[in-house]
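You will see two complexes here that share subunit A, one where it goes with subunit B and one where it goes with subunit C.
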Partner chain A sequence: MTEPRNPGMSSVPQTAPVHTDSTSQAVEMDPVEYTLRKRLPRKLPKRRNDVYVNMKTDFRAQLARCQKLLEGGGHREICVHGLGLAINRAINIALQLQASSQGALQLAANTSTVELVDDLEPEDPDEAGEPMTRTRNNSAIHIKVFYPDPQ
Partner chain B sequence: MNKPIQMENGITPGTCPDSPCPFPGLASGVLEMRVKEGSKIRNLMGFAMARIGGGLRQVVFTGSGRAVTKTITCAEIMKRKVGSLHQLTKLQYKVVKEVWESTEGGTSEMTVHRTVPSISILLSKDPLDPQEPGYQPPETLCALWEEKEGVESASQTACKRPLGPLPYSSFTHCKRVCLGEGVSVLPPQ
Partner chain C sequence: MRNQPVNIQYPSSPLTEESSTQNGGDTPVTGGGGGPSNIHPLPEKLNSPHHKGGWVRGHQKDGGSYDKLMPKYITAGAFARARAAEVSTMLKAVRKVTSSCQLFASLPNHMRRRAMSHNTKRYPRRLRDMANRLREKSLQACSKKKEQTKRQSRKARRRHGNLLLEFNRRQRKNVWLETHIWHAKRFHMVKKWGYCLGDRPTYKCYRPCYRAMSNHCLLQDLSYYCCIELQGEEDKLLASLSQMTSKEAGPTFAAALCISGRRQGSVVLYRAGHYPSQPLGPVTFLWRPRVHGSTHRQLWIWAHPTIKQDLLPELQSVCQCCEAVVPPVVPLVTPAEVIPTPEPERRPENTPEAMQIHRTKRKRNCKDASGPPAKKILGDGKRSPSTPVTWRSNSTGIVINDLTMEIVRYRLIGPQSHSVLAETLEAATDCDPSTLWWPEHCKDESKMNLHRQQVDIFNILKDIYSSGELPSGTVLGLTVDDPRLTLPTKRVKALPCVKQLHMSLMLMLVIQAHAMCLCCVFLSEVDEEKRRELMLRGVPELCCQSFLWERSIRDNVTDNKISEQELNRMRSEVLVPGSRLSPTPLQGRVPILLVHQPGKQVGHEMNSWGAGWDLLLPKGWGMAFWVPLVYRGVRIGGLNMSLKHSQNKASPHFPHDYPDCPAGIRFQEEQEAELLDKFKRRPPAKRTNYIKHGCLAPFRCPWQQLAEEWELITREGREERKRDSQTQTKTGADTVTEVEMTSHPDITVTKPPSRFAVLRNRKSLRLLSGWCRPTTSKGQRPCRVGEVPPLDSSAATSFLTEHGMSLVWVRLSLLSKEDLRLLSNKSDCSSPQEPPHKNHFNSRLKCRKKGSKKLATTSSSDKTEGSGSDLPSASEPNLTSVEDAKSSSETPTDLIFGLWPDPLPSITSHCSRVTLGWVTQGDFSLSAGCGEALGFISVAGLISTLLNQPMEHRGTLLLRNPTSLSYRFAKINIEV
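Presenting the complex of A and B:
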């Protein structure tokens, strides 16, 4: 299980199975070669207390930003959003915030599906390939991190 | 991070059985789907859909670590296929016990307790408590997109969803989002 038997796979031995893109395989199987371009997710609403977590920014920086909003920014609640691989990180941030608040913060998580669009552009313009788009879905999470109202 | 060491040393991960159920007061007959990193979505969904089609009222999907994304995907697929499901999502840290064995044939063992984020999603045909943090009423997704078209409709205030207006929600042309996570990405023939 740990050792990839298939030599063709050996270049990506450690990728999580979820993310070994079916898209890239599909492109390899195409009769005409295409370049796959992933468009960015649709633009998102952004209030001041929304935090969109990504996998590029340093984890601690994103955590610190959330802490700052809750403590210094005077927000009673913030929304932490994560898409795809960043779901894990979003959950981690939310749980860290909760743990460091000594139970003062509560979490309320919602899940959703986001539609993403890929562009397929033919590599060789002479061949018959037409530019195409292909949509796929990815899961997302939205976690409200908040101080519960005193009852 | 510790992956290479895992490979070298041979690791036996085991879960501490005492992680509490995030849904107190749940009926005992509930199907719990434990989603693992290597689980195939079609296997999980084949089983779960058959059970819920056979009259089961509630299903729980749980997963931790790298299986979290897959867990959410399963729940999203089921919500879309079954429809009218109430959802309750809970996040917690799960303590995982890892036993590290030396590969040099020694008998030395080391036990490490690690915490990994885990998610539990309860999907129910019966109504759930809307006041509970992490509650999502049925068809939130679709309702949400519709709603954002124009008016901030009353549905949000009515059910007091804890999360407030969802993000991604102000897309005006996004209704097709509800259509099928499992959409295949087959190559064009």
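Presenting the complex of A and C:
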């Protein structure tokens, strides 16, 4: 169980005791009889200056998009979000932004834990099995990239 | 008369001369008995006046051969009589001028003038009289016709009653949906499957519709889907329905979650007991949740209208429901529109007389009537009242009801569809007791409890950000207020209402220092818990119940709908204009069902794309919900968009992607006829020469022949393998490996009797999918290693003995530049080209134009066989993207330029690359960002290809358009 580094900043309430039993169930299940389908992570409402980083889009394109927002878009600050595998890339983008701005930009990073849902569909021939859902947690990072106030 | 020579003269002088020459020199072929059989001897006579030898017909140059048939003697009397008759017919033919057009045509070109028929003085004088007469005649005819078709004035036609009459007349052939008029104003309508359906909007919105599907919401009217209701004991229903399904192809009617009524299920139905062969088509089904533990269940099967004609008899035979219940006997189960009832709001029969009576009656007592009578056709207007819609079985007690057009079904696609619903619908409010159904229910505390629970869940829906977050197939029953009451004055875009929790996250990110946000988090904890519960478990079974299942309530709601006019009157009486009607009218409570539609479930990319909700309504309420939904900023899609939706979702679309179903076969035939027609409309010089492109059947996919040929190839390959060791020579450069191929001159002769089938066995599909996927994609598939046995010849053989004649549905995505570079290890990679084929039919077409000989059909096949066999065929097959179908009326000798005549040669070896299958739909996919195609591939062909490919390049195929010669690399995906 990944505890967020800064509990005060965690966005998703920790309801660990509720789903630990479901995960333990999932460990016991027979892998052949179930099909695993992952649901998408919960989407959060998105403002114009939010950038959700993924692993599919080209890195340079994502970086360029952030730069455009900061320079052309007239935003004083943007938030770069990354989940799981994309955490690395989110950090990378934020650092690149900072480096290219010659110190004008500042970073403020937060981490959180995101709850993900998996569906387990039974494949048994007598069809008595209930489909199960299990939850697991994944880490996420939210980096605020901003120009500090002049005063 | 058209082929007369220009120098003919009409006055009778040449005729007399003609007859004299005939009498003199001509000799009839059959003596005197021939009679006046030949009507047009005159032009030919004039054309060839020097033919002394015989009576020559047609344009044959060697007319001298008739000499042998010359009679020895002539009876003068009979001969003269025959001539006289012929002369008289000739005279008649010459004198008679049927129309001015012919008069005009009889003139030589240089004497024709513009507007001759208008101004008869432009005719030469000798023809003027005749022209005048003709003109008068035509004028008379014109005036007569005008009198006959005198239309009502536009004002009269647009009058409400007359307009309805006209609409009802136009619906007689093709059923209109309730939103027809709305659609007809904005869409290109097509008549399909007995319905008038919107195909695509008249405005340009391909990309906006795609964006709506992936970002907001796209609305479709799916009311044309047919609903068949089955009632009976649960175990008996399951026992009879299980004959039509197979557990190998996925969950069936008996799946635990579906049978509880909490989820909608989908299944492919087969003819009873024929599982791998003879499928009928895919259906979705919905069980009504159990009522107090009773075993009597209700099941709705939703099927495409083209399946219905096959499905209904099959269901009847399976359930042994042969006894049709005649509608008047059981008025409870008859649809409302077929029995004229004394209630004023029941729709009367749509005969003109009834309409007329009704109209006058309304005029008389429009004050005391509660509202204008609804005369619109609701439900299936095409069905005659005597057609049975209910079948009952005495042995099993199962009742089958045909609920076609009884329930309106709208589909909302997109991540925001639930917020559109949440904004449009408002849970029904309590009201004073009355005789209507909802006030009755308000008295019952348990029903109100249920209603409150359902409303709670519905309110939680607003907190969800995307429709894809819910468990797929979730069902929620609800009773809502009339959505017309909360219609916004302007079209607004429904957006998710961002609740405290989400805001708090945002706030925290923005204002880090403020610790006070935490309290919001705790405040919304309860809501959050409920939302989690909904996301994980779905809707509890109790809340899936809806009153929409009850016919009596459905009919009650339909009958008591407030008309638009009445509603507007009530609105105008509101004290503050534009404000809401304060006591909601009693009639405005509608039971609905919300059914979640899963998005993309297979594959690893774009998961749950295109998820959404289906909204099920009682009939008659279609427009009352449609307009409010449209006012929430949704896009509207037609048939065309539903095709794109399923293509992006990587799910087969019915009937396009079901070539083994009867409906799919019919569809293919229609499509071929249509495409062939389109092809023939082009001038021959501008048509694509498909023969030269090596495309054997550009407008259809001969699946059966493909499956048979591959069956034969594998059988021969097996025998060969027995004889000697495997002779696989790998060519160095890329994935091209040579395969021993023998020519099959007798392919069309040896036909195994079995029909091809589409592989739907989940286990086999999973196996196949593992085989054709070389690279692991980041550990996305759990326990893959243990699951898939390695592909070798023994595994392939055992697989092929099971599914030799099968096709498999695949998704192909074109490779990007980087993939290509990886593939060939070179910076520049050119895709292979198909050498242009020779058109052997060209010369024959020319020959036929000369009109000399009939075609011999046999020579075609062996010629191409020869050329095909000596080509070293590579393992990479070609997939011509074909959009297919075939016209049966065509005779095999009927040659069309650029198309192969009918007995096709061997398909697999026709091109330089072996054909594996064809693409049924292909386009640039906006969701994948590259070209994507869906099609079918022969299983035998696929396995033999995979066996010959090196491990790291497995699953790479070649794809070619029928109109081009260059192949493109594509990656094969089989997704389970």
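Going forward, the second predicted complex is superposed on the first by the 116 of 151 C-alpha atoms of A that agree within 3 Å, B and C clash if a C-alpha of one lies under 4 Å from a C-alpha of the other, contacts with A are read in each partner's own complex, and residues count from 1 in each chain.
Quick note on the criterion: a contact is a pair of C-beta atoms (placed from the backbone, for glycine too) under 8 Å apart; a residue touches a chain by one contact, two chains touch by 3 or more.
Only a predicted model underlies this, so the values are computations on that prediction, with no experimental measurement involved.
Chemist: If we overlay the two complexes on their shared chain A, which of subunit B and subunit C does A:L95 touch? Say first, second, both or neither.
Modeler: After superposition on chain A, A:L95 lies in contact with subunit B alone.
Chemist: Quick one: classify A:N110 as touching subunit B (first), subunit C (second), both or neither.
Modeler: both
Chemist: Per the contact definition in the header, classify A:R136: touching subunit B only (first), subunit C only (second), both, or neither.
Modeler: After superposition on chain A, A:R136 lies in contact with subunit B alone.
Chemist: Go through the superposed model and pick first if A:I87 touches only subunit B, second if only subunit C, both, or neither.
Modeler: It touches subunit B, and subunit C stays clear.
Chemist: By residue count, is subunit A touched more by subunit B or by subunit C?
Modeler: Higher number of touched subunit A residues: B.
Chemist: Can A:C79 be said to touch subunit B (first), subunit C (second), both, or neither?
Modeler: Touch status of A:C79: both partners.
Chemist: Quick one: classify A:K144 as touching subunit B (first), subunit C (second), both or neither.
Modeler: both
Chemist: Just to be sure I follow: which residues of subunit A are touched by subunit B in one complex and then by subunit C in the other one?
Modeler: 18, 42-45, 77, 79, 108, 110, 135, 142, 144
Chemist: Spell out the residues on subunit A that touch subunit B in their complex, using ranges where they run on.
Modeler: 2, 14, 16-18, 22-23, 26-27, 29-30, 41-46, 50, 52, 77, 79, 81, 84-85, 87-88, 91-92, 94-95, 99, 106-115, 132, 134-144, 146
Chemist: In their shared complex, at which residues does subunit A touch subunit C?
Modeler: 8-9, 11, 13, 15, 18, 31-32, 35-40, 42-45, 47, 56, 77, 79, 108, 110, 117, 119, 121-123, 125, 127-131, 133, 135, 142, 144
Chemist: Applying the document's contact rule, which stretches of subunit B touch subunit A when the two form their complex?
Modeler: 3, 7, 37-38, 65-66, 68-70, 72-73, 75-76, 80, 87, 89-93, 117, 119, 121, 133-136, 140-141, 144, 161-171, 174, 176-183, 185-188
Chemist: Subunit A touches which residues of subunit C in the complex?
Modeler: Per the stated touch rule, the residues are 247, 251-252, 254-257, 415, 465-466, 468-469, 471-472, 496, 498, 502, 504-506, 508-510, 512, 515, 518, 521, 525, 528-529, 532, 535-537, 601, 605, 607-608, 762, 782-783, 787, 976.
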